[in-house]
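In what follows, subunit A forms one complex with subunit B and a second complex with subunit C.
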Partner chain A sequence: MQNIVIGGSAGSFQTVTAILSSIPRNYPHAIFLCLHRLKNVRGGFVEALSLKSNVPICEPYDKDSVMPGIAYLAPANYHMYVDANNQFSLSTEEPINHSRPSIDVTFCSIAKTFKSNAIGILLSGANKDGAVGLKAIKDAGGTVIVQHPDECQVKTMTTAAIKITEVDHIMFTNNIIDYLKNLK
Partner chain B sequence: MFEDPDILTFIRTLRDYAGYDFSNYSEKSFLRRAEKIMMDYKLDIHGLISKVKSDRLFLEKVVKDITVNTTELFRDPQVWHAIKYRILPRLASKREINIWHAGCSTGLEVYSMIILLNEMGMLHRCHIYATDLNTDVLNTAKAGVYSYRSISEFLENFNKVLCENPYNFDEHLVVTHEKYFDINKVKDTFKIKPEFLDKAVFKKHDLVTEPNPFDVAYDIILCRNVLIYFNTILQNKLFIDFWNYLDPFGSLVLGIHESIIGPPSAKYEKKGLIYNKKVF
Partner chain C sequence: MIDEFETIPYEDFRKIISTVRTLRDVDFTYFAQDILMHRMSRSMYMHGVQSPDRLINKLIADNYFADLFLSELFVPTTEMFRDASMWKFFEDNIIEKLKNETLCKIWVPQICGDDELFSLLTILHRKRILNRCTVYATSPVQKILNDAKSGYIEQKKIEISSSNFKKIDPDADLNHYLTKEDKYDYFSQELLNNVIFIKRGIIGTPPPDNGFNLVLFRDRMLYLNVQTKKAVIDSLAKTIVSGGFFIIGIREYLTGCDFRGSFIPVSKNENIYVKK
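And then the complex of A and B:
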């Protein structure tokens, strides 16, 4: 089983829904979503993502176990970690890069826990969150993909990542989808 | 479970020198705190260990830095609605009600409860207990003084909980902020009014190593966003402890993303967001 972690902020919602509606049902891998949301918009996000998704979307409870075929969304106002025993762990530590959930936090923990079985994907966004985390995944032996800055509504996040990491792929949404569909 | 030998030594030192036990804290968030502490004090793990050994005040500071103290006024309004409409009505006929906020941080949850109870006319019958490991946050809680800027975003939830009824959209009450707070935007202060300050007993208490801090059985225990920092072993121990400390008809209120999944779940009946003590 591979562990795919997707980080996104401003301008990433459509790409995320495109991915979730294109991957096959009964997907054999686990998906983790760490997406910035507007402050105070705490509800409704799971529902919005679920509308077209082929896999169930779930905001995990603390210490839930990771299962394949589910897309886990970092809950509003919590950082989301995955511990070595494949359990989620949540925290309300101060925001990092002005963000809670922070993409760096989730990416770094996925890197440590899943090492070469981690795939990090960073999408459109307006701050630098995620760059350090993506590097951590790469350094731990995982695969890292960045959405093509030309396709990003806001390219701050993706260019920040490309600057500090030699990423494996810079891809448009369609290619990301093909990549995930064919993932063994 | 922690594996890194240096981290294990650090944790053992805190236990041997001061009786704190972090060995069953959640691995990743604990490590992140430890890394932040080393960065802030410009120490590596060995420097950190020797400094906590030689300097007791520093050790206490480090323990405080390990704890995560974020809290809000009326955090997660749906939980407060559950308390208001599901728990408190069941206690309406009780002469004395005991409420414990375990891991109360700077007290915003405690004052939320005091305000809610006052609005429901139940405050005079309630004993409110609040504990935390970190004495700095307890001092803030006792003083009831906050920065307005840090609180203002929570006032929307104050209105939601106190003025709206999710079961009856026609109901709309008016509760002013001035009734409970002295607000000075220029000085950036937000103070709890004096008449509500002495309603709770605040006390230092370690959930991991100490028994029930007060000699009472509780009708409500709130332990929200504290257990997320513990691993499953420690969480399960506390769910049993809380069960023992609850009154036969008592309720346990957890954070909105916390749940009882292990064996202790048999001892509780889950009703929406609330866990009620099951008595066999």
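And then the complex of A and C:
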């Protein structure tokens, strides 16, 4: 099983929706979504993403186990880790890059836990959150993909990542989708 | 230079835990490991400590730093009235039941940051039952207790806390509960006078009392490993009276705990339980 972690902020919602609506049902890999969102709005995001998604989407509870074929969305106002036992650890630690959930936290945790079985994808966003985490995935032997800055509504996040990491792929949304559909 | 997300080698990680236990008698082996490691590397990064060995030397040589480091390993709460809908439910539904008690015993274990405690005191005061309540706040770290006793509130938390408070009652004004001294904001000492602060952990130590009508333990289990979480819930559950309430964080659950069957959910959304 591969572990795909997608981070995004401003301008990423449409791309995430396109990805989730294109990957096949019974997808054999686990998907982790860390998307910047309003801190104090608990409901609605899962429902919005689920409208067109082919895979079930849920916000994990603390200590839930990771299962393939499910997209896990980091809950509002919590950082999301995945530990060595393949269980979620949620945390109310301080915001990082003004964000909770922080993409760096989730990416670094996925890097540490899944190493070469991690695939990090960073999408459009308005701050540098995710850049350090993407580098951690690369350094741990995983594969890293960045949405093409020309396609990003806001390219701050992706250009920050490209600056500090030799990414494996810079792709447009359609190419990201093809990559994920063909993933063994 | 260590960075905030540095993975501390496991052997060094164990050495740091052991040093803290020897110096301050606080056992972190029950913590969720990944989060604890992040707390350590974050603290080292913030204080410019460049290696685990240097950290250990500094902990041994510098009492002030050791206290600070210890308090930074615990994860603080985020703001007052976090999950405003929970506090609204609490005020509208649970307080009415607590009002039936002549004397009401409440325990807030493992405080860190004081937002949950201050939120609780504010609601109890608003509903005019604070004077009939004995509130215990416990932590194994004296610095955390001292910080809470002082009533100090970080300026950056006030806006979001006020906004949350208004979701409970649009006419509510958090400023009524705050005082300003030398540019800093403090929670009302008058309300804090009702709290008994006790230095105490939640593992291997007796509770501060028994027969609680309410145990408020939101987002504290997040930082415990699975085995400890079960033991802690079972131990807290024993201290609650029949008809008493147990409140946990909205992304936590009681599954796997022996006492799970002893509780009935009052609100599944807000994770509020009542003991049978």
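In this text, the second predicted complex is superposed on the first by the 183 of 184 C-alpha atoms of A that agree within 3 Å, B and C clash if a C-alpha of one lies under 4 Å from a C-alpha of the other, contacts with A are read in each partner's own complex, and residues count from 1 in each chain.
Keep in mind that, in the parts below, a contact is a pair of C-beta atoms (placed from the backbone, for glycine too) under 8 Å apart; a residue touches a chain by one contact, two chains touch by 3 or more.
A quick note: this is a predicted structure, and the numbers were derived from the prediction, not measured.
Undergrad: Using the overlay on subunit A, decide if subunit B and subunit C clash or can fit next to each other.
TA: clash
Undergrad: Using the superposition on chain A described above, determine whether A:Pro75 touches subunit B (first), subunit C (second), both, or neither.
TA: Touch status of A:Pro75: both partners.
Undergrad: Of subunit B and subunit C, which one contacts the greater number of residues in subunit A?
TA: C
Undergrad: With the two complexes superposed on chain A, say which partner A:Asp104 touches: subunit B (first), subunit C (second), both, or neither.
TA: second
Undergrad: Mind working out whether A:Glu59 is in touch with subunit B, subunit C, both or neither, as first, second, both or neither?
TA: both
Undergrad: Once the structures are superposed on A, label A:Lys112 by its partner contacts, choosing first (subunit B), second (subunit C), both or neither.
TA: Both: A:Lys112 reaches subunit B and subunit C.
Undergrad: Is A:Ser91 touching anything from subunit B or subunit C once the two structures are fitted on A? First, second, both or neither.
TA: both
Undergrad: Check the residue A:Val132 against both partner chains and state whether it touches subunit B (first), subunit C (second), both, or neither.
TA: In the superposed model, A:Val132 contacts subunit C only, not subunit B.
Undergrad: Please work out whether A:Cys152 is in contact with subunit B alone, subunit C alone, both, or neither, and reply first, second, both or neither.
TA: neither
Undergrad: Does any part of subunit A touch subunit B in one structure and subunit C in the other, and if so which residues?
TA: In the superposed arrangement, which is not itself an observed complex, subunit A uses residues 39-40, 59-63, 75, 78, 81, 83-84, 87, 89-94, 105, 109, 112 for both subunit B and subunit C.
Undergrad: Residues of subunit C touching subunit A in their complex?
TA: Answer in residue numbers: 3-5, 7, 32-35, 38-39, 42, 75-78, 82-85, 160, 163-164, 219, 221-223, 226, 229, 249-253.
Undergrad: State the interface residues of subunit B toward subunit A in the complex, per the touch definition above.
TA: For subunit B paired with subunit A, touching residues are 26-29, 32-33, 68, 70, 153, 156, 225, 227-229, 231-232, 235, 255-259, 261.
Undergrad: Touching subunit B in the complex: which residues of subunit A?
TA: Result: residues 39-40, 59-64, 75, 78-79, 81-84, 87, 89-94, 105, 109, 112 of subunit A touch subunit B.
Undergrad: Would you pull the subunit A residues touching subunit C in the complex into a rising list?
TA: Touching subunit C from subunit A are residues 39-40, 42, 59-63, 75, 77-78, 81, 83-85, 87, 89-94, 96, 100, 104-105, 108-109, 112, 132-133, 136.
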